[in-house]
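Here come two complexes built around subunit A, the first alongside subunit B, the second alongside subunit C.
Moving on to the complex of A and B:
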């Protein structure tokens, strides 16, 4: 019961991961195939029914899980790779040079992923990649801030002082003492950012700014379902449910991890 | 006096951020690869035509010169002309759509706060009971729901099934306040429900923080009731954390409003923006994105200033430093 949040989160994520991994090997039908079986209700062989083009909804959900996880993993990893070194160096050094990345990330904070994606789509045309780039850029500030705050806390510890006095180079201190100690906080942030990234991707593909028509995404499915709200409201249920379960999973995982690390890290996060 | 000095420093920083943000926006649309003149003309245009269009749109002048002209115009609310059709001026086009988006964002935030305050406080006070736990679990679920999905289901239930409210469209407040309100109920509800989940979590932790404070325990010890002590001491604390969360959530709400416009076929900044993106009408895209980002930065500045004025602890800490 103590770690219920954590386990519930992992269960939700597990479900999405299984859907995605399974979907790589096998889907009941071709997720992009157009057939004459339009708008079939849930049943057999189309477990969740078919959409307005006659494509199998379950297959499309499975295929969408893959894109959702792909965009999440790549954009959060990208943001961490850029943001964490900036945040750690800002936390370890003094002066305006270390302030600069912090200030820039404050400005970037005013740019939600959607607006960045719109700018990229206007200049380059929308695609999975522009969406991912936009989400990743928009996630950087969170990592800079959290990495800096956590680093500041670690820097006040005695072992850092000891390492400094014994002449350990700054880069070694960062790699050997700072990073391992702030890793848990970063893990929590990664999980939370992942949830935000899933919502952002869903919004972007709903607006048609993400993946192309050949890649079924949950957001795009919702957009298509809107044409049939009168007759087939269930089509608007499954993709949204998938988005909610995936996001809930990562949010709960983040909360669960934070509880696990509590109370030492409460002030930081 | 020290407060004034810090506000001055914050204002200087605001000016710098507005400038950097505008540069980022201009660079994103102008420095990325892709020849906009060629795209506007389509693939079967003669090479000469593209060159002529570039000349006409002024795209072949140096980057910095074009940027300075653009940002100078923006400060006077002049965003140049559209790349398409009759080359209409961008600013009036944007101003005409402002009402929809502002209504959505302001009402969305207002109702989110009104809803989140009691729910968050309840979840905090009753956190060791089942009903309090259910309240925070619900906010966790609300956090995971995209506002546009909530909107789609509000349409299905209240517009299609029950026929209580219109499924979409917008009527200006100045034409008919009643119709305006009717058309905004569902879009505002979908934004506010999701926002309220986020805000109620901040309210909850702010209230829990208060109950751990010495002054709260003292108030209880000298005979204040729990709700009385919360009213007396908690409100100010919650107010401060509300300020913070409103600043943080504003950008999210703006984005939510852009998407919600699509669900309810509202003709606001969002749909104008998306139409412009589809047609590659860069001047319109830049203008609207700049307007949105600048308003986020500006409101965050105002929140910071309010923070300085409201919270004596921030004031004193800064004065001691």
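Moving on to the complex of A and C:
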């Protein structure tokens, strides 16, 4: 099948989105309620069983999907909003003005997202917002670089010269001609960054640097399941599977989009 | 007074200050058509870009370019931008890439009109359809709604010509506007240009003497950044002075060569830096 990766990716993402949206309206049990039914195996009424505090695992997975998507959407959007204009202006101008954001993003590139998050958590206290800001900040350089590279390519096209020949101001050229033409590349980058952001969020909350205990996230569930890894291995499987499906989904979508938009591949098919 | 008066124009590039255009001078009346002919690297395109003010930043321009009495060399970019697309415009070589693939043709043309005239939306739409029709595009309202990849090469070049003419510029620069087109479409486009450019000044840059002859009444021959010969095109063809011009004309007259004979080339008449 031609667009198998794309559809598989969309299916994975769709599953997570449905879980998250459904979780907003209704979960089988209160995801944060503690009960005496500790460590129940999957069955009825607890479809995926209960954890070490007696909370319903399915409800917590659904609730976690929401946070995972929220962090992904906001951190990637934030990174794109900052990174794309910097990258485009770096690609359209010459001299130190265009070099500066590039060098800054190189420096930022050197910091692992985790280190940034620990820094943020130390300064601001661990929370969903701290994790989101750290992930967003760590994602900016990717957007600066990809936007600049794509802009440089677009700038050599005839229609940019034609626009300049017509006396179009530089800002208008950026908005009307450059942005629409680099949008596909940015879309692929956003999808890939989304997958990384989900993984990073899970990692941070696994380390206790993300959301507080009142918010069930997949990373936190994984850490709690660690204590029962040998007696109740299924408990670690569910959040692990959720993280894997979500990350895989966005990566497949990114790959699929890239194949779809690659003009060389498009001409062949 | 001339519409365009270029005096001692010199363009140098980069740190090595390589000379691309070397002290050329020419003048163009309000409805004159001047052809500039020369091979690749002779400086003809650089001359056109210098007049438009679109040379890269590392280019150094000296001398004088007066447009309608106003000096363009050293004019602030903002003022030059106001001239571009409005009072002077350019049709250039690559119809395949000169249209933005993400924008409908009509909108692209409309933006050029809107850029220099704050008209109402409706009248811009009318102007777009009118100009597409005027450059010989059939069903202009359908083409206005099309994306560039849905157009043929000839249609694209027509759309670009419409873009260059839409604001009724006083001066139009054509940089090899037909080079990327096949011979039949090339003829149609040249005829269109000859019709549309009657009431304005034109500089027509090409490497093809036959193409220039279709459109221009006067021609300047450029070689290594200098104008080596200039005059009415028929006189120049009848009596070329410079050996390079003689070579150009001889290589264009291949139908007079008997079969089996070697075809003449410019190199038979002129060698760079050497004796002719």
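In this section, the second predicted complex is superposed on the first by the 262 of 269 C-alpha atoms of A that agree within 3 Å, B and C clash if a C-alpha of one lies under 4 Å from a C-alpha of the other, contacts with A are read in each partner's own complex, and residues count from 1 in each chain.
Please note the rule applied: a residue touches a chain if its C-beta (ideal position, glycine included) is under 8 Å from a C-beta of that chain, and two chains touch if they have at least 3 such contacts.
Since the model is a prediction, treat every value here as computed from it, not as a measurement.
With subunit A as the common reference, subunit B sits beside subunit C without any clash.
When the shared chain is aligned, subunit C comes close enough to touch A:94, but subunit B does not. When the two complexes are overlaid on their common chain A, residue A:110 makes contact with subunit B while staying clear of subunit C.
In the superposed model, A:176 makes contact with subunit C only, not with subunit B. By the touch criterion defined above, A:159 reaches subunit C but does not reach subunit B.
Measured by the number of subunit A residues touched, the leading partner among subunit B and subunit C is B. Looking at the shared chain after the overlay, A:167 reaches subunit C, while subunit B stays out of its contact range. In the superposition on chain A, A:247 makes contact with subunit B only, not with subunit C. Superposing both complexes on chain A places the Cα centres of subunit B and subunit C at an angle of 100° as seen from the Cα centre of subunit A, in steps of 10. Taking every C-alpha of subunit B against every C-alpha of subunit C after the fit on chain A, the minimum distance is 12 Å. Contacts from subunit B toward subunit A in the complex involve residues 13, 17, 20-21, 24-25, 28-30, 32-34, 36, 140-141, 143-146, 148-149, 152-153, 155-156, 160, 251-252, 254-255, 258-259, 262-263, 273-274, 276-277, 280, 282, 285, 289, 292-293, 296-297, 300.
Put simply, subunit A touches subunit B in their complex at residues 103-104, 106-107, 109-116, 118-126, 195, 199, 202-203, 206-209, 222, 225-226, 229-230, 233, 236, 240, 243-245, 247-248, 251-252, 255. Interface residues of subunit A facing subunit C in the complex, by the touch rule stated above, are 94, 157-159, 161-169, 172, 176-177, 180-181, 183. By the touch rule above, subunit C contacts subunit A in their complex via residues 52, 54, 57, 81-86, 89-90, 92, 94, 96-103, 111-112, 115-116, 160, 163-164.
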